[in-house]
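Dumping the structure here so I can ask a few things about it.
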Amino acid sequence: MSGLTHLGASGEANMVDVGGKQETERTAVAQGAVTMQPSTLAMILAGDAKKGDVLGTARIAGIMAAKRTHELIPLCHPLLLTKVSVEIEPDDNLPGLRVTALARVTGKTGVEMEALTAASVACLTIYDMAKAADRAMTISDIRVVEKSGGKSGDYRLQDV
Amino acid sequence: MSGLTHLGASGEANMVDVGGKQETERTAVAQGAVTMQPSTLAMILAGDAKKGDVLGTARIAGIMAAKRTHELIPLCHPLLLTKVSVEIEPDDNLPGLRVTALARVTGKTGVEMEALTAASVACLTIYDMAKAADRAMTISDIRVVEKSGGKSGDYRLQDV
Amino acid sequence: MSGLTHLGASGEANMVDVGGKQETERTAVAQGAVTMQPSTLAMILAGDAKKGDVLGTARIAGIMAAKRTHELIPLCHPLLLTKVSVEIEPDDNLPGLRVTALARVTGKTGVEMEALTAASVACLTIYDMAKAADRAMTISDIRVVEKSGGKSGDYRLQDV
Amino acid sequence: MSGLTHLGASGEANMVDVGGKQETERTAVAQGAVTMQPSTLAMILAGDAKKGDVLGTARIAGIMAAKRTHELIPLCHPLLLTKVSVEIEPDDNLPGLRVTALARVTGKTGVEMEALTAASVACLTIYDMAKAADRAMTISDIRVVEKSGGKSGDYRLQDV
Amino acid sequence: MSGLTHLGASGEANMVDVGGKQETERTAVAQGAVTMQPSTLAMILAGDAKKGDVLGTARIAGIMAAKRTHELIPLCHPLLLTKVSVEIEPDDNLPGLRVTALARVTGKTGVEMEALTAASVACLTIYDMAKAADRAMTISDIRVVEKSGGKSGDYRLQDV
Amino acid sequence: MSGLTHLGASGEANMVDVGGKQETERTAVAQGAVTMQPSTLAMILAGDAKKGDVLGTARIAGIMAAKRTHELIPLCHPLLLTKVSVEIEPDDNLPGLRVTALARVTGKTGVEMEALTAASVACLTIYDMAKAADRAMTISDIRVVEKSGGKSGDYRLQDV
């Protein structure tokens, strides 16, 4: 009846029972963006061109965070992720950086939260590494853009 | 010269040395928002009015995540947080929920990342608990709105 | 010969090899209790009636702890828990609160430790949130009350 | 007014602000017990006499858990523990094992939760290592027996 | 073409996709050594003969670390380890202690990193527990000595 | 009498009480090496020249691991690290890579274990990222090369 599947019969928060669900390959792709001053973006890209470290560090942070999603999000199930990847690209229209994270599993439940967590933590890491130069950066547009596998069918965000 | 204080002399990512900084009381407040269908918001609020669980779970998740910021963000220092709080309020203009997180420490370095991490994970938890009803929710407006203590002076985001 | 299956041939502590065990659905239910002053119980319940937070926080803490059992208990295997739930009910006869935790997995080894860890951490969280009012609370009766699945057969504690 | 110091003005669960509290040396001692069949106790002690592993493993597990208390208990502050110790002794009257855990810090808040968590996890580890022999073991009597330092004064449980 | 399977098409570090790999039983054995003064070795062994604690603690630390390999090594996949064991033996020729760690899984990817992590952390724990007596201890010879299961075939280090 | 300061009066492993020690600035530098085929080294360096990822990932992994030392090494105290850095340089004489890790704290106890853990995990990460090309790599020479601050005086390894 309720669309909130984590609520039990009497309303308490509890993990959904996924024991009866099928083990299928499930993939999710999530995005996020960090908007910043053009000069901040230029600085990161210049540093990145030379050393690769701001973007490289954010990618690693996002991948590692995906593996800890079930520790952070109270009702997420532990999962045997078979792949996580994080890509970061500049977008002059923001201006800033766009993060795309993919998570994949062969398992009983979807991996949206893992992809979203990877994207979020990659964005937070970008903020951390550039905040001395620009305190007003904003993280936005964190959302699932694609999802496949599982009973609820495939999904693709329309306007991306 | 560089504004990217995590980059070493030769460009590698390394933790900034905060050993020489003053121990002062430092506070940061960060915000975030989850935009959703009006019906999703109504469902959460109705559930919340009766049981308190969606918002309550997200608050706890945000607080717990703040304490693990240094595990998630590669170059953050461990900190002895003296206070973390997370507030969540509905905003019909989104429509959706607005999260405000406060972190405080008496220490050698600021707590923006802790506040931002708390806000981000609270938003992710809201997404997780309502995603069965609304896959298109978006997390945005994650940013520092206030910061006090420390050598760089107080900061308040203008347009909040 | 020895009933202590974690001891190796020469007595050192080592994880039991569960590689040859069957993947079956396994469920365990554990309980625990926090005994307190009647006034402490009344205060928690009054607070809970209005806000739901003491019990809600303890429930979330218990669920999250179940997922970290293998990090806490040295010889426990990591598991893909398919469900964890925690219920908390007042019992005037203690007087205090009774916690019931359920853990379920489709896997090669049982989930008693996950259920027991959830119950223990939920009890500890209750203690933490009420300790300013009552330092003499006691946690007791932490035990497995039901267990199903696995080669050793089903189990049900007699006197519960 | 309320004795529940973790509840905010409007009742949500939040970490208490300890920023204004004094840094003093604070110690807490907690206990716990595992009741078991006499034959289980004999088996553990015989194993322990030869190899030391059941009790040794439980001691280590308790010490390590104390350091992670703030990750497990949602509203606990991170602390720089200066000492943790765990002692385990047989008690034929249970029959079973009694665990005593001490935690100490020079900090702004007490360490009861750290001592209680150490005792709880040591008891859980004993259960885990002996459960193949005795499924009906019960963990009980987890409580603070002594506490010193801090504004609320020293405390000693009367009947221990 | 490249032998560095963690590098993506454009060179960024990302987790290899193991979704298409077979679930087989995979075992890896790794070794490590701690070289120390003969008097340090004698002290550890004497302590161990009496109490078993230095070696016992290092064994437990190694086992627990194996379970957290995917949290430490950025591109490792989470795994359901079915067995971990750690053995430590004195070697007068070093002089010092030799650690052997075994990890096993039924899964889609190998467990070399888990065995290596267990061996490394066991060695680090030995260093920690004896460092007051001998600051010049050195950890060396950390390597995979045996590996079975998986597509790349069995492997055995020649000169061990 | 005993040089093994983690052993209690009766021999059990327990954390040393550092409550009475001075808060001083303490620094430790540790090293480690990964020996590999010359072709493996060339491949890493070529990849690194273009993309920076093998060495960059290992550096980040080492820094992040330093912050979790007290979770991995049972009797280590939690610490507020003020700086961690990891440098990696090729050495044709190995042939392979040499890792140098520095940890610093203002605190009551030394940071050798944090520096050693950073070095070890950086080495393990190098192994992980190159193991598809070279299974016979060996990690060695993990040791403290410099230590300053604290009562026991400064220390510098002679032959480095």
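Note that the chains are named A, B, C, D, E and F in the order they appear, and that numbering of residues resets to 1 at the start of each chain.
Basically, a residue touches a chain if its C-beta (ideal position, glycine included) is under 8 Å from a C-beta of that chain, and two chains touch if they have at least 3 such contacts.
Note that the structure is a prediction, hence the values are computed from the model and not measured.
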- [ ] Moving only from a chain to one it touches, give the least number of moves from subunit A to subunit F.
- [x] 1
Task: Turn needed to bring subunit D onto subunit F - CA fit, degrees, nearest 5 - done: 120
- [ ] Quick one: point me to the chain whose Cα centre is farthest from that of subunit A.
- [x] D
Task: Winner on C-beta contact pairs when B-C is weighed against A-B - done: A-B
Open item on the list: I'd like to verify one number: the distance from the centre of subunit A to the centre of subunit C, where each centre is the average of its C-alpha atoms, in whole angstrom.
Closed with: 31
Open item on the list: From the mean C-alpha coordinate of subunit C to that of subunit F, what's the distance rounded to whole Å?
Closed with: 37
Task: Touching two or more other chains - residue numbers and ranges from subunit D - done: 12-13, 51, 53, 56-57, 60-61, 64, 68, 71, 74-75, 78-80
Open item on the list: Which category does the touching pattern between chains fall into here: line, ring, star, complete, or other?
Closed with: other
Open item on the list: Following the definition at the start, I'd like every touching pair of chains, please.
Closed with: A-B, A-C, A-E, A-F, B-C, B-D, B-F, C-D, C-E, D-E, D-F, E-F
Task: subunit D-touching residues of subunit F, taken from the complex the two chains share - done: 8, 12-19, 70-71, 74-75, 77-80, 107-108
TODO: Sort out for me which residues of subunit A touch subunit E in the complex.
DONE: 25, 56, 59-60, 63-64, 67-68, 78-87, 104-106
Task: Contacting residues of subunit C [partner subunit D, same complex] - done: 2-7, 10-13, 32, 40, 43-44, 47, 50-51, 53-54, 56-57, 60-61, 64-65, 68, 71-76, 112-113, 116-117, 120-121, 123-125, 127-144, 147, 155, 157
Task: Of subunit E, residues touching subunit D in the complex - done: 51-53, 56-57, 60-61, 64
